[in-house]
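Each chain gets a letter, A, B, C, D, E, F, G and H, in the order it is written, and its residues are counted from 1.
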Amino acid sequence: MSQQDIRSILQAVSDQKLSPEEAMTRLKLEPFQDLGYAKVDHHRELRQGVSEVIYGAGKTPEQIIGIAGAMRDRGQQTILITRIDQAAADRIAAVHPLRYYDQAKVGLIGEMPEPDGDGTIVVACGGTSDLPVAEEAAITAEALGNKVVRLYDVGVSGIHRLLANMEPIMTARCIVAVAGMEGALPSVIGGLADVPVIAVPTSVGYGASLGGVAALLSMLNSCASGVSVVNIDNGFGGGYLAHIINHLGKKA
Amino acid sequence: MSQQDIRSILQAVSDQKLSPEEAMTRLKLEPFQDLGYAKVDHHRELRQGVSEVIYGAGKTPEQIIGIAGAMRDRGQQTILITRIDQAAADRIAAVHPLRYYDQAKVGLIGEMPEPDGDGTIVVACGGTSDLPVAEEAAITAEALGNKVVRLYDVGVSGIHRLLANMEPIMTARCIVAVAGMEGALPSVIGGLADVPVIAVPTSVGYGASLGGVAALLSMLNSCASGVSVVNIDNGFGGGYLAHIINHLGKKA
Amino acid sequence: MSQQDIRSILQAVSDQKLSPEEAMTRLKLEPFQDLGYAKVDHHRELRQGVSEVIYGAGKTPEQIIGIAGAMRDRGQQTILITRIDQAAADRIAAVHPLRYYDQAKVGLIGEMPEPDGDGTIVVACGGTSDLPVAEEAAITAEALGNKVVRLYDVGVSGIHRLLANMEPIMTARCIVAVAGMEGALPSVIGGLADVPVIAVPTSVGYGASLGGVAALLSMLNSCASGVSVVNIDNGFGGGYLAHIINHLGKKA
Amino acid sequence: MSQQDIRSILQAVSDQKLSPEEAMTRLKLEPFQDLGYAKVDHHRELRQGVSEVIYGAGKTPEQIIGIAGAMRDRGQQTILITRIDQAAADRIAAVHPLRYYDQAKVGLIGEMPEPDGDGTIVVACGGTSDLPVAEEAAITAEALGNKVVRLYDVGVSGIHRLLANMEPIMTARCIVAVAGMEGALPSVIGGLADVPVIAVPTSVGYGASLGGVAALLSMLNSCASGVSVVNIDNGFGGGYLAHIINHLGKKA
Amino acid sequence: MSQQDIRSILQAVSDQKLSPEEAMTRLKLEPFQDLGYAKVDHHRELRQGVSEVIYGAGKTPEQIIGIAGAMRDRGQQTILITRIDQAAADRIAAVHPLRYYDQAKVGLIGEMPEPDGDGTIVVACGGTSDLPVAEEAAITAEALGNKVVRLYDVGVSGIHRLLANMEPIMTARCIVAVAGMEGALPSVIGGLADVPVIAVPTSVGYGASLGGVAALLSMLNSCASGVSVVNIDNGFGGGYLAHIINHLGKKA
Amino acid sequence: MSQQDIRSILQAVSDQKLSPEEAMTRLKLEPFQDLGYAKVDHHRELRQGVSEVIYGAGKTPEQIIGIAGAMRDRGQQTILITRIDQAAADRIAAVHPLRYYDQAKVGLIGEMPEPDGDGTIVVACGGTSDLPVAEEAAITAEALGNKVVRLYDVGVSGIHRLLANMEPIMTARCIVAVAGMEGALPSVIGGLADVPVIAVPTSVGYGASLGGVAALLSMLNSCASGVSVVNIDNGFGGGYLAHIINHLGKKA
Amino acid sequence: MSQQDIRSILQAVSDQKLSPEEAMTRLKLEPFQDLGYAKVDHHRELRQGVSEVIYGAGKTPEQIIGIAGAMRDRGQQTILITRIDQAAADRIAAVHPLRYYDQAKVGLIGEMPEPDGDGTIVVACGGTSDLPVAEEAAITAEALGNKVVRLYDVGVSGIHRLLANMEPIMTARCIVAVAGMEGALPSVIGGLADVPVIAVPTSVGYGASLGGVAALLSMLNSCASGVSVVNIDNGFGGGYLAHIINHLGKKA
Amino acid sequence: MSQQDIRSILQAVSDQKLSPEEAMTRLKLEPFQDLGYAKVDHHRELRQGVSEVIYGAGKTPEQIIGIAGAMRDRGQQTILITRIDQAAADRIAAVHPLRYYDQAKVGLIGEMPEPDGDGTIVVACGGTSDLPVAEEAAITAEALGNKVVRLYDVGVSGIHRLLANMEPIMTARCIVAVAGMEGALPSVIGGLADVPVIAVPTSVGYGASLGGVAALLSMLNSCASGVSVVNIDNGFGGGYLAHIINHLGKKA
């Protein structure tokens, strides 16, 4: 409820068009809506062409079917569902028009929207084992309306592969750098690019990788400026933040 | 060195205006300029009105004086020096026109530049103990040409103070949320705002704060989307990334 | 054995009504019974209308059936059994009149008692994934004779949901705040309420949540006073302590 | 702002006694004041006879003198200042009537208030090295208006000393159990008493005590019910929570 | 090979009773036999009436059958096999006369030997969940020829149960104290007894027990003297060390 | 108080030689003395010729002087004081006849007692940096009446030095193995000897030694049986436990 | 591209033999080709007689079959595949001539090459549980063309077994020392040998072994010089590095 | 003592040229010389022209002066002393001809020897803060007779600086890669070079660098083969191992 809305209600009361009790009810209905207005704006923006998101982990297919159904009833056209397996996807797809991306373990109801961001987002990762997390980031960004360039297999132990792909890195609006094991990729990219680099550590590795903690610590200690970090394996978080950054121009 | 520059050199050689040896020297001078071109652009941009940065920790005042002198000789007008104490600042100030910000432990040679970013940056923190890190972030951002709004003393244990300051949060281009102890501030802000939130954990606390690790972990696990994290006490990193985000509109 | 009892025995000896040997035997019989009296009182109190508790983890259904049978033979009417799965519950229910709460993984033999506490206990949690732990706390408290108000889905990343539910928080006698991931909920509630807040970290999360350690550390570092913490996923411990606090008025 | 207040404003608008614009201003002015009311109540209660608290760590004596002066100007009579050393205390005492408790490193401006709690608080600790933290807890509780019984030197490696002091433990309203090293004291006390036991781990120890983490973990894993834990060395937190519990009867 | 032996060989060479080549062979034959003599003695002692030990974890039943067969062929009468499950035990029992202790997951080929130690060994533990580790310790000690007194269910949260069993504790030659969760039992026993207390932490617990690390740290920080610690869940190690201590009188 | 004592008191009451009140007082005086009888015995034993111990860390010289004075007044002839520096020792030595062992940072009032143990105790360590901890163990054992053989500079990286000293290892009653860094010494010795090996990790090392945690973990995982571990740098604990083991023969 | 190459191009431009555009193309074509040459050399060397390596973990048998097929098409004769189970090996063996080493979980397509290294590589390990990692190291080294001497069952708790096998240790070119639990083997070997010792910690152990971290830390703190460490369970890494060291003579 | 030597002694005894007693003395003199022969060889080799090493940390200047004096008396010409400060160096230099390298905190008595290794050793590091550790490695290697090429300031956040220095990396016999913070340098170099890369993590950094643990973990998880790791800040260990590798050709 905008300040304008409140003002209208008050004017209506003053004009005797609304009783104090009716005004009370309206004001009570969503008493903290002014706190949430950015979110509401944001949601409205999201609804116009792009996806809402369901975090699938820990939810049954039935629960997801229900939630998605409610969203579609409200007019939502594209819905992103993260962290579901093939079996869950199959059951959802029997009810809703879902396309399943098996590497990313992500499902999308509705059409992938047209990109409307300020530029392109690069999603880079080093090894094939990091691919599921990288794809979660990439498809999240695409489903929210971003053009994504994938740079896979550009790990720092073969630095020439990364250097052979400088063009997209140099022209990106934001870069999501996904890496497990020693987690050095964001540092190297952060030294080459001058846009925000979102580092996503993965749990790929064994022994002293400590389930991704080694990569996480490495990224937090990056000697390159412009690098920030999200949780281990949080491809969605990386893709979502990249989307926000890539749509800042829409706010101005 | 742009491709155009290389082409000009080659043309000059072809036109016999430049000997191969002279061309060699020019090409050798910055042999990896094509790798670094974004950085060079970036540096050029930085040189026009805003600061270069010297990381002061572990450097003697004499070393800093020398580096700053070389920068000024190259035409650099404003130079930010982080992590220096009052004594070092005094010795530098005897040679260069330095202004010292004692809370942030940051010095600035030259004038604070006019803000030329896309919007404003909010730097928020919870308690007075987090102030030095918050100020390092704020002054870094200001020295790089950003308008900064400070929201201090808005810790989550007194949530009404944060809620009473929603206006700047809702209109910011980027938010730097600084917090020690339980590190919850970025999560709460991330749930309210729809712009990138850069979480800076601080080492403020004792016992189970584990030197800031508790706050760091808390931030990495934020249940709010759009939050990413930099190293403990890395106010500079937070302010620098906020600056990059707040100048993305300049790139388009 | 109270000091009065010892005195009586000594007097009886002095009066020749008791031989030294008989006195010796009595004194030897339960030499530490005075240590246990509070517990005995406490147990007696518990037996009057409320539950005894069986910690089900690591016990076979047969063992639980046996223990519960012995309790019922002693006159115990309501018995709470924590951490059992549906299969175990089914087998126990074939012998004892057990009702199973599947979210909490808790079973109750006998009737839920009438609340007789000093006030109400609020059990709050942030996300649906924290629900099993929250329910373990809530049902534990109910089974011990407390009125419980549940505030679920009030996570700090959507602070307005919490703020819309201030009434029960402000009128509770004790609050159990359950949260995983960044674990910020108890800090925010602790800043709003002026009653004891028992923080229960959960193992909900992944990566840097380190199995609930991130939430645990966050809660231990709470910047709000009046917050204390129990073990990760220890919903029973939270509910039990809330019960003790909510029955202190009975002691006076 | 209560619902009644909002209703009054709306009625005034309806009665034309208040213009919509004026109503708007009032509604906007303190939109979250209702959130804070418990705290306000709480503060008011605290001001009536008992202490307000200044966390002294990281504050200069001058800052503390200023804050305390402002409090006294507002009519505050007793002010507790934690974590200050003798030198700071001396400087504050030159301005305000401060009494310094050197073991607890706590200062008190004004008179120690009369106890007005529901019962007594026991503060127990094992060794002389834990005394500073125990005293911080004890004096905090006393300064907030509680009767405190100190049980020092009752460590579990000499269990008979604890058993010789069962009377105060059995009659307390709340127990603060302070222990470093192996941190077993709260478990033993929690098994004897039937009131809330607040465990305060201390950093006393060396090597594998890991700065108090060993004691902290021990306490979190207590096999006794009714035990909860605060941060390492957080004597103030333990004393404060004990105070809240010991004044719950005042709320009814 | 003692210096006397070497001297004899050299004398024999000098006396031409032994050729240099023969001397060389003898010197080469068992160059490290003197290093191993204690072990050889020890083994010899063990073979006289008591068990040898096979660590069963990671070995197939077939491998164990083979090893045990070889031992029996060498005349070994009792053989202890640790960490085997019922299925493995059944297959071994089809070949060798094995008795399986299912709680301890230990099998014994041959008869349990008569105790021949210096005194009794007490194995104490707090809760039923610690029983498997306690039994591994107890049966190990028994199989090596020790009289064992079991004190189970004497956890520190019900200290009177421990105090009611002081007789065996006060008369033991060595005490193995097994505990999970907060691991306080060895500290309390160490404060009561004046014999070596071997602390065995168990992985019993959840959350902040960190797989037994909490109990381990607690025990290492014991404020009682005379306590030492073995690895988590290492009941065998505790029982074995107790056996060595309880047979020291045999060495004199 | 023995059962015989209680019987005597009761008889005296029965004989009218003692009033019930006087009996009460006597019984009350030391109500748990029967719990402590071993300790009392133990103390008595200690007083006969050997040392009592004052843990000096965290005590002022004045406090130590006072405690030692009280002990000497009670007839104690030798008093061991651990963890004091030269300055403290000098001040104590001005009042009491103290001899200071500067490497061990231990002081001894009175004469070093004649050894009266069952055998010898070996204290072994690897490098010169471990010497202070090894000496604390050695002098503790000596001051309690044990014959100690020192084997220093026998680290595992020069295994021949250890092997050249097998005689004392093979004939010891108990071995204290002190090691920092990789902490392998107890494992190697435990494989050679058949007596209890008490492993004392030290904080010697840097980086990944983590303040002695690396050595501690190494020792807890020793593949040799008969090894147990005390806290990092706890030379006193190692020496004290060795003393108990070396005097078990006195108990029989 | 060497400086000489660039000079030639520039001279050609100056001589009008090359147009600026053609020069531009050449300079742009493979700007990083010089970066990759060592690898190319290295690969070429590897292809001559020895194996290429496929890291099997996380790859399906079908993927491995495809990769191996492509390699064989390129003329590769021996291919090492690490971390595959029997089932995967069987499926691959249906297509390619694969021999499976089940302890090492390694498969080899083609013939084991003739050793052509500078000397021999010793692979040593302590217990049978470490065998899989040791075999991974040994077969990796063999498949890359090295002569390997296996010293298994030489753990430090039976030091005489190691000392009885000094000959191969003293004559090796490089030693891979594999150990779990306390991880002391590399320290002891490093003190005996004067060649590089590559320490491979294993995850063998339980409790305080922390999944191999105890052994890892132990090895990093080795008091012997010449020891370096690879990741936990990284037998391949140990064998590969040993191969590089054992072929350095080929480079000269 | 070689087997040939023993044979000669025995023959001399047989030939009556040596008495048994004399033979005994010779055999006794170095009873484990056969174990240590490599070391003896090694030491002999070291004495011929290159340095012996004194680990200076924890030793007084006087102790170092004494040890160095003894070495020089035995004919040692160059002696390396690590981890001493300027003051200690000055005192030593008053007695012995010492040259102090202040960045490395290393002193050298005698002349720097002529390089006699198989090739060159590259010591690389990223930032100026890592220089002390890098210099410790470099001077250690030089003092042991190796040619060292220093590549400083080649951190991964400015990858072009590293790429501009490929020549020495591609022609080195061994590379020591020193890095703090995110520790990525060894991974990048390991991907470029085909010789052993010794990774030396440094404690440079703050917050989440955890005193060098972040860099250490990063290096242990290197995705490049041929990389192994030594302890944090262990420049000496890196330089020493590089020396061993660079002198392997001397052994053949």
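Keep this in mind: a residue touches a chain if its C-beta (ideal position, glycine included) is under 8 Å from a C-beta of that chain, and two chains touch if they have at least 3 such contacts.
A quick note: this is a predicted structure, and the numbers were derived from the prediction, not measured.
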Intersection of the contact lists for chain A and chain D: B, C
Longest centre-to-centre distance from chain G, chain (CA-based): D
Numbering shared by both copies at the chain H-chain B contact, with half separating same from different: different
Pair joined by the larger number of C-beta contacts - G-H, E-H: G-H
Taking each chain's C-alpha mean as its centre, the one farthest from chain F: A
Length of the line joining the C-alpha centres of chain B and chain C, rounded to whole Å: 50
For chain A paired with chain E, centre-to-centre distance based on mean C-alpha positions, whole Å: 56
Chain C-chain H separation of Cα centroids, rounded to whole Å: 61
Residue list for chain E, restricted to those that touch at least two other chains: 31, 35, 39, 158-159, 163, 191-192, 207-209, 213, 216, 220-221, 231-232
Chain pairs that touch, as defined at the top of this document: A-B, A-C, A-D, A-G, A-H, B-C, B-D, B-G, B-H, C-D, C-E, C-F, D-E, D-F, E-F, E-G, E-H, F-G, F-H, G-H
Residue ranges of chain G in contact with chain A within the complex: 31-32, 35-36, 39, 58-59, 201, 203, 211-213, 216, 231-234
List of chain A residues in touch with chain H within their complex: 126-127, 155-159, 163, 180-184, 187-188, 190-192, 205, 207-210, 213-215, 217-224
Parts of chain D lying in touch with chain C, wherever the complex brings them together: 32, 34-39, 41-42, 118-119, 163, 166, 170, 173, 191-196, 198, 216, 220-221, 225-231, 236-237, 240-241, 244-245, 248-249, 251-252
Sites on chain G touched by chain B in the complex: 3, 6-7, 10-11, 13-14, 16, 19-20, 23-24, 27-28, 31
Chain D residues touching chain F - in the complex, by the definition given at the top: 128-129, 158-160, 163-164, 206-209
